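You will see subunit A twice below: alongside subunit B first, and alongside subunit C after that.
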Partner chain A sequence: MGIEQIPIHVDNGSDGLSGNASAILREVADMLDRLARTGETGAIDLAALPLTPADKAWLSERLGKGEVEISMELNGASRIHETAYPGIWWITHLNPMGAEIGEFIEVTPIPDMVPSQSDDIVRGSESLNFLINDLC
Partner chain B sequence: MSDKNSGLIASLAHQGISRRTFMKYCATLASMMALPPSAGRAMAEAMAAARRPSVIWLPFQECTGCTESITRSHSPSLEGLIFDAISLDYQETLMAAAGHQAEEALEKAIEENKGKFVLIIDGSVATGLDGAYSCIAGRTNLELLKRVAPHAGAIVAMGSCAAFGGIPKANPNPTAAVAVTDIIKDKPVVNIPGCPPIPVVMTGVLAHYLTFGSLPELDKLGRPKAFYGETIHDRCYRRPFYDQGKFAKTFDDEGARKGWCLFELGCKGPVTYNACATVKWNGGTSWPVESGHGCLGCSEPDFWDGGGFYRALSMPADPLKMAATAAVVGTAAGVAATFANRAKKGAAKSAHETVTLADLEK
Partner chain C sequence: MGIEQIPIHVDNGSDGLSGNASAILREVADMLDRLARTGETGAIDLAALPLTPADKAWLSERLGKGEVEISMELNGASRIHETAYPGIWWITHLNPMGAEIGEFIEVTPIPDMVPSQSDDIVRGSESLNFLINDLC
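Right, the complex of A and B next:
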C-alpha cells in the first residue's frame, strides 16, 4: 500500500497555500532580471524549503509552459521544460523506481544538463569509430 | 577495471554512466545535503576530476550488514557504482586477495596514500582481554585501528557499531566493545550510524570530502548534520496524526489500517535523528514507518538497550531505577508484578488469548 492509498488529509487552510510559493516567484523574477542584465544564471532547489502540493501547483500554474520540453533517461527519468517565461526552466528528476528525487527551477539560457557533455562526445566518437572499423 | 590513476568519472564511464547522469546524481545529492544548487555543479566537477580516492575499509565486530547496504540493491544504484569506482584497496569481504597478500595490500595502500586515504570502519572495537575477542591476521582490531588511523586523511565510522558500539556493546557487553571515537581521540571521526546506515550518506560524505577537501558539518555525536539534522518524527508523513492525537493501538486495529501515528506502539521517531523519512530505503520504495512498523531508533547510541522496541517513549524505560528512595519498595512491587505478569502470559498462552503489547513488555 502506497502513501496515496492511506487517507491522510493534511489541512493547510482553505487553499492549502503556505505563502512560500509567492516568495519563490519573486525570487525567480529577480533572477530572471539579473540574467537579462548581466547574464548571471541562478537556480532554486524546490526541496530546500517546505512547499505544499498546492504551493507547487500554484507556482507551476503561474509559470506555465513554454516552447521546449525535454525528457531524458538518466538512471531514472528526468523532465525539463521551459516555462512561459523564456530563461526559466523547471526540472524534475525521478529515480529508477519512479520516485521524485529532486525538483529545481533554473534561470539560464539552457540548463547545464541539456547540451551533450564533452566527455560523452569523446566517448561517443570513439565508439562510433569502433563500429565503423567493425564494418570493414 | 581502469588503472588506479584514472579519474573517478572515467571509471564510472566504463560502467556506462554518462556525464549527464552523474550531474543529475550530484544535483540530487547536493539537494539532499541541503547545499545550494551551485554545490551540485561544484561536486560534479570536483568528483569528475578527482583521482579515484584510496579507501581502506576495516571490518571489526560487525555483521556485514553495512557492506550489504551499500553493495546490494536490486537495481544498480549510483552509490553502488561509486563504491565500485573508488579504489577500494582493502576490504576483507570483497577483496579477491586473502591471507598474506591481503595484509600486504593493506600495508601498501597505507604507504602509497599516507595522509590521503579514507579509512572506513564498520563494527565495534573489542577491548576486553587486550582486544583478543576479535582478531584479523593475528592482530587485534584495536592494534589494527591504532596502526592505520594515524595515517588516514579522513576517518568514517560506518554503522551504529563503529559509531556507538552498537549491538556488540549491548548489555552485558562481554567483549568490552567500544566505539571508534573511544579509541581515536586526536582526529575527527565522521559517524554514520544506522543499522544499517543509509547508503547515500556515505557517498555524500565522500563527495563532500572530494569537493571541498573537508568533512561535512557534524552534530555533537559526530554525525553529518545534512542527514541527521532532524528527527524521523519531524519529517514523518504520519506526523499530522500525532498532532491530532490519532494513534494506532495495535498493529491490526482501525488506526493501523488508516495509517495513524505509531507512537503508542513504541515508535522511536521523536528521539531518532536520521534521514529515513525523506531518503527512504530500497531506491525510495518505502521505509519502516511507511510499512507499518515504528522506528527502532537504530541510529541512536545504545538503541538496543533502550527499554523495548514496543514500549512507548512516554513509558519510563526502567521504573525500578527511577528513584533511589523508592528502590526497596519498588523492588518488592516489581518482583510481585513480574510474577503476576508471567502468570498472565502463561494463562493467555494456554487459553489462546491475544497477548497485548503491554504483556510483551513486562
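Right, the complex of A and C next:
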C-alpha cells in the first residue's frame, strides 16, 4: 500500500485520535518490513497528513526512543532520534527562530542528511591541506 | 604513511605539546584525502598514542566542530561530533559511570556504529509487527 492509499479519517473521538495514526503505524511497519527484506528505504511527511496532536503523541509513544540521538545545525536545527525500532527515525526540522517547520518518519539505516556528503568531503580535504601547509 | 609509521616524540616543550599532535593531524589529512579520492575509510585510536592533554586540545581546536552531533546510549554513552572538516568525526566513549574509556578519530562519511544494523532492523520489524497485531 502506498502512502497515498492510507485511508484518511477526519472524525475525532473524545480521545482526540482521528484513526489516522494507526494507519500510519501500519504503513511504517510495512516500510520497515521492506527495508529488512530488500534494503528499500522510505519516508513519511507527517505535516502532509491530517494528524491531531493526540495522533502524533500516540504514534511517538508507540514508536518509542532508541539508542541514537542526532542534532544538526544547518539553516535552523534538525533533531533526529532513532525510535525503539532500529531503522525507523523521527526527524524534526526547526527554523532559525526555533519554530517547527517539518516532521518526518524515515525508514532507513541512516537518514540521508546525516552522513558527510562527497562534495563536502572533497572541499574539507582541500581546506585541511591548506591549514597544514600554513602550519609548516 | 600508516599510523604505525607516525614519528613519536616524547619530549614536551613548555607549552605541553609533544610534537605528536601535528603528526596525527597530517595523518588525518592523508586519510581524508584517501576518503575523498577512493572512498577508503580509516580510524585513529587516540588512546593508543602518547598524547598530552595539550596535544589533544591542540588537535581538537584545529579540527573544530561541524554541523552534526550524535549521542548514543549503549553500555555507557558515546559522544560523536563531526569536525569542521566533513568526513572527520571525533568519538568519545564513556563507561556507565561516565568515565572516558576510549577516544577515536574516524575518517568516514558516517561512523560505523551510528547506522541501524541489518540484524537489528530485522528484529525491529518483527517486534513492530507483533505490536500491530496486538493493536488489532
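The definition used in the following text is that the second predicted complex is superposed on the first by the 123 of 136 C-alpha atoms of A that agree within 3 Å, B and C clash if a C-alpha of one lies under 4 Å from a C-alpha of the other, contacts with A are read in each partner's own complex, and residues count from 1 in each chain.
Quick note on the criterion: a residue touches a chain if its C-beta (ideal position, glycine included) is under 8 Å from a C-beta of that chain, and two chains touch if they have at least 3 such contacts.
All values reported here derive from a predicted model rather than from experimental measurement.
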item	value
Subunit C versus subunit B, contacts on subunit A by residue	C
Contacts of A:Leu135 with subunit B and subunit C, given as first, second, both or neither	second
First (subunit B), second (subunit C), both or neither touched by A:His93	first
Partner chain(s) touched by A:Leu74 [first = subunit B, second = subunit C, both, neither]	both
Touching both subunit B and subunit C, residues of subunit A	72, 74, 117-118, 120, 123
Touch list for subunit A against partner subunit B, complex	3, 6-8, 10, 43-45, 47-48, 72, 74-75, 78, 93, 95-97, 99, 101-102, 104, 106, 112-113, 117-120, 123
In the complex with subunit A, residue positions of subunit C that touch it	22, 25-26, 28-29, 32-33, 35-36, 62, 67-74, 82, 84-88, 108-110, 114-118, 120-125, 127-129, 131-132, 135
Touching residues on subunit B, where the partner in the complex is subunit A	9, 13, 17-21, 23-25, 27-28, 30-31, 34, 36-38, 41, 48, 75, 78, 237-238, 240-241, 258-259, 280, 282-285, 290
